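Common to both upcoming complexes is subunit A, partnered first by subunit B, then by subunit C.
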Partner chain A sequence: MKPDITLTEDEKDCLQELMNVAYGSATAAITEILHAFAKLSIPKIQIINSSELKTYLSNELNLEVEHLVSLQQINGTLCGENMFVIDKQSAKNIAYKFGLEEDEVNDEEIADVVLEITNILSSSTISKLAEDIDTNVSFSAPTIKTLTSVDQLKNLFISKYQKVITISTELKFEDLDIHGELFIFTTDNSIVYIKEKLNKILDEL
Partner chain B sequence: MIINTNKFDVICNTVDNGIILINKNLEVKFWNRWLETRTGINCKDITNQNLKDFFPQIDEKKFIRKIVTALKLNSSTFYTPQISKFLLNIELSKVADKVFDEMQQSITVTPYDIEKELAIVYIYDTTILSEINYKLKEIKEEVEEKNEELKLLFDATMEAIIVFKDDIIIDCNQIAILKTTNNLKKQGIAF
Partner chain C sequence: MKILVTDDSKMARKMVIKTLTEILGDDVEIHEAQNGQEALDLYKQISPNIAFLDLTMPIMDGFEALEKIKEFDSNAKVVIISADIQKLSMDKALQLGAFNFIKKPIDLEKMQQILNKINELDK
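Here is the complex of A and B:
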């Protein structure tokens, strides 16, 4: 019998709560590292068929302007991939937040700060979530690509799985126009593990 | 900091990558044998010295940022060869079929002691991979150029050319489109 890889409403609510806490620690980390007040919107959690991921991303992302997409693999029991998508202008503004001067901002530096912010978001959110559900994770070095259409995102990693949990949020800074979206994709085995841990938490309530 | 000769020392000095123990002011506290042989700088000469004095080309601001971020997050930060070619300029001794003058590197900065603000820098030699990528990129550009030339040639000829694969048309030139369109029109077939 195949394991159940769907989440009930209660499990979804519980995961939402855990993600709210995890995103709180990500906000604190960004504020501390960049000395700038950042806001992450309430995460939106969905479980979708991996075959529908491309359509889902086309609907979620506005790819009329050039975007940078950074991907970072999550390793461990809670495995999957983090994807951070940001438009070029917002990425430029993040570079200023990282203390880069006008003459230092070029394509390479912009890509580097996007990789850095992806790493910060991945580490702070997923590490906190992993801690809450009793497991350890590690992260691979993130990679980056420029995206003008969803077709360019050939994600073989995701196609191996039936379902993916997508957790999306928006990153906003108070004083500078920066808008980026973080997606966390987890895999079938991770969903089974998350379900088990969520039920343990729910039973203890 | 004095590192005793123990298992830690043996592992660090036999592993096939560079290991630096460094603080956020870029003072080196440990420098493994891999780095000694690649850079010609001995551990005792660089210990308690500023790394920037030995490698002035290092982007200090960026490197400190990576160390501070790793310490604050208690998680690794990275330099990827996709963006940064190397952290330390280590000249390659390779003579034949040389693509890069310096060793291409992938870097991981991992927190070691948050209180003492110490981090470990792991340096991986990714030159071979970068060379393969570089050569593949060159070949890809060459193929694209040839493909463009072939396309121009196809469109310049007055003959209709249709390319089939497994009984399915996969490509054709402009003349083929024109001739097929005219034939269909003559037969009164709307499309």
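Here is the complex of A and C:
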């Protein structure tokens, strides 16, 4: 029998709330570093076919301007990939906020800043989420590249799977003109595991 | 005691209600709202003793709802329960007149302390 790779409305709501809490604490960590105020958004949860992932990302991202994308593999029962996407100007603005001067901000420094943000944001969000659903995860070192089209995302590990949960949430500092988006993609087996754990949480309420 | 619980997540509302009933027993009348606008409308109708508000919500967020509830009733006891645990968010909520702020996930002891304080004030 094929595993059930769908989420009911209650399961989606439960996962959204867990993400909300996990992302809230990760964002607070970044705002402490940047001394800035972030506007939090409601996480979006969707299950889509892997084959539709690139179309989904094309619709979600405005790639008319150059973006930086940082990818990191998640290993464990909760297995998948996280992707932090930020436009280059936002990344520069973060670099300034980190104290870099205009003449110090080059591609290498910007990439470094984005990797640091990805590390803090995604690792703490996913670690908290993993803790909430009773599991452990480990992370591969993030890689970074510039992106002007989703076709450049050739090596998405997740595309090997049939379905993916996409969890997306924004990082938005209105006063600083900084806007980025974090996507978490998980695999078929992970969806089954997450579903089981969500139901355990829901049953206890 | 009438309590208003506002959160866009059904699960989050259930968690708050579960915590409240663990502390207060079943002798409470709980009303639920899914966003700030619903909370404001319901607040005006039922005048609850305490209103629990999330911050990140669609239609009307918790900051705006808090501001409008306080405009309508300056004595309103609004407690924020949020995952937005930035210091600035907490400060802003308190500045707008929130009675207190509870970080998600809810700490039973903190909730108990807040309910005790409100109870003392109502005596």
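Keep in mind that, in the parts below, the second predicted complex is superposed on the first by the 202 of 205 C-alpha atoms of A that agree within 3 Å, B and C clash if a C-alpha of one lies under 4 Å from a C-alpha of the other, contacts with A are read in each partner's own complex, and residues count from 1 in each chain.
One rule holds in what follows: a residue touches a chain if its C-beta (ideal position, glycine included) is under 8 Å from a C-beta of that chain, and two chains touch if they have at least 3 such contacts.
The structure presented is a predicted model; accordingly, all values stated were derived computationally and were not measured.
Applying the stated clash criterion after superposition on subunit A shows that subunit B and subunit C can sit side by side.
In the superposition on chain A, A:Ser41 contacts subunit C only, with no contact to subunit B. Of the two partner chains, subunit C is the only one touched by A:Tyr23; subunit B is not. Once chain A of one complex is fitted onto chain A of the other, the partner contacts of A:Ile144 are limited to subunit B, with no touch recorded for subunit C.
When the two structures are aligned on the shared chain, A:Glu170 is found in touch with neither subunit B nor subunit C. By the document's definition of touching, neither partner reaches A:Glu131: not subunit B, not subunit C. In the superposed model, the angle subtended at the C-alpha centre of subunit A by the C-alpha centres of subunit B and subunit C comes to 150 degrees, rounded to the nearest 10. In the superposed model, A:Glu60 lies in contact with neither subunit B nor subunit C. Superposition on the common chain places the nearest Cα atoms of subunit B and subunit C 15 Å from each other. Residues 32 of subunit A contact both subunit B in one complex and subunit C in the other. Against subunit B, the residues of subunit A that register as touching in their complex are 29, 32-33, 98-99, 108, 111-112, 115-116, 119-120, 123-124, 127, 138-139, 141-144.
Residue ranges on subunit B touching subunit A, taken from their complex, read 61-62, 65-66, 68-69, 72-78, 80, 82-84, 106, 108. Contact residues on subunit A toward subunit C in their complex (touch as defined above): 10, 13-14, 16-17, 20-21, 23-25, 27-28, 31-32, 37-38, 40-42, 201-202, 205. Residue ranges on subunit C touching subunit A, taken from their complex, read 8-12, 14-15, 18, 55-58, 82-89, 104-105.
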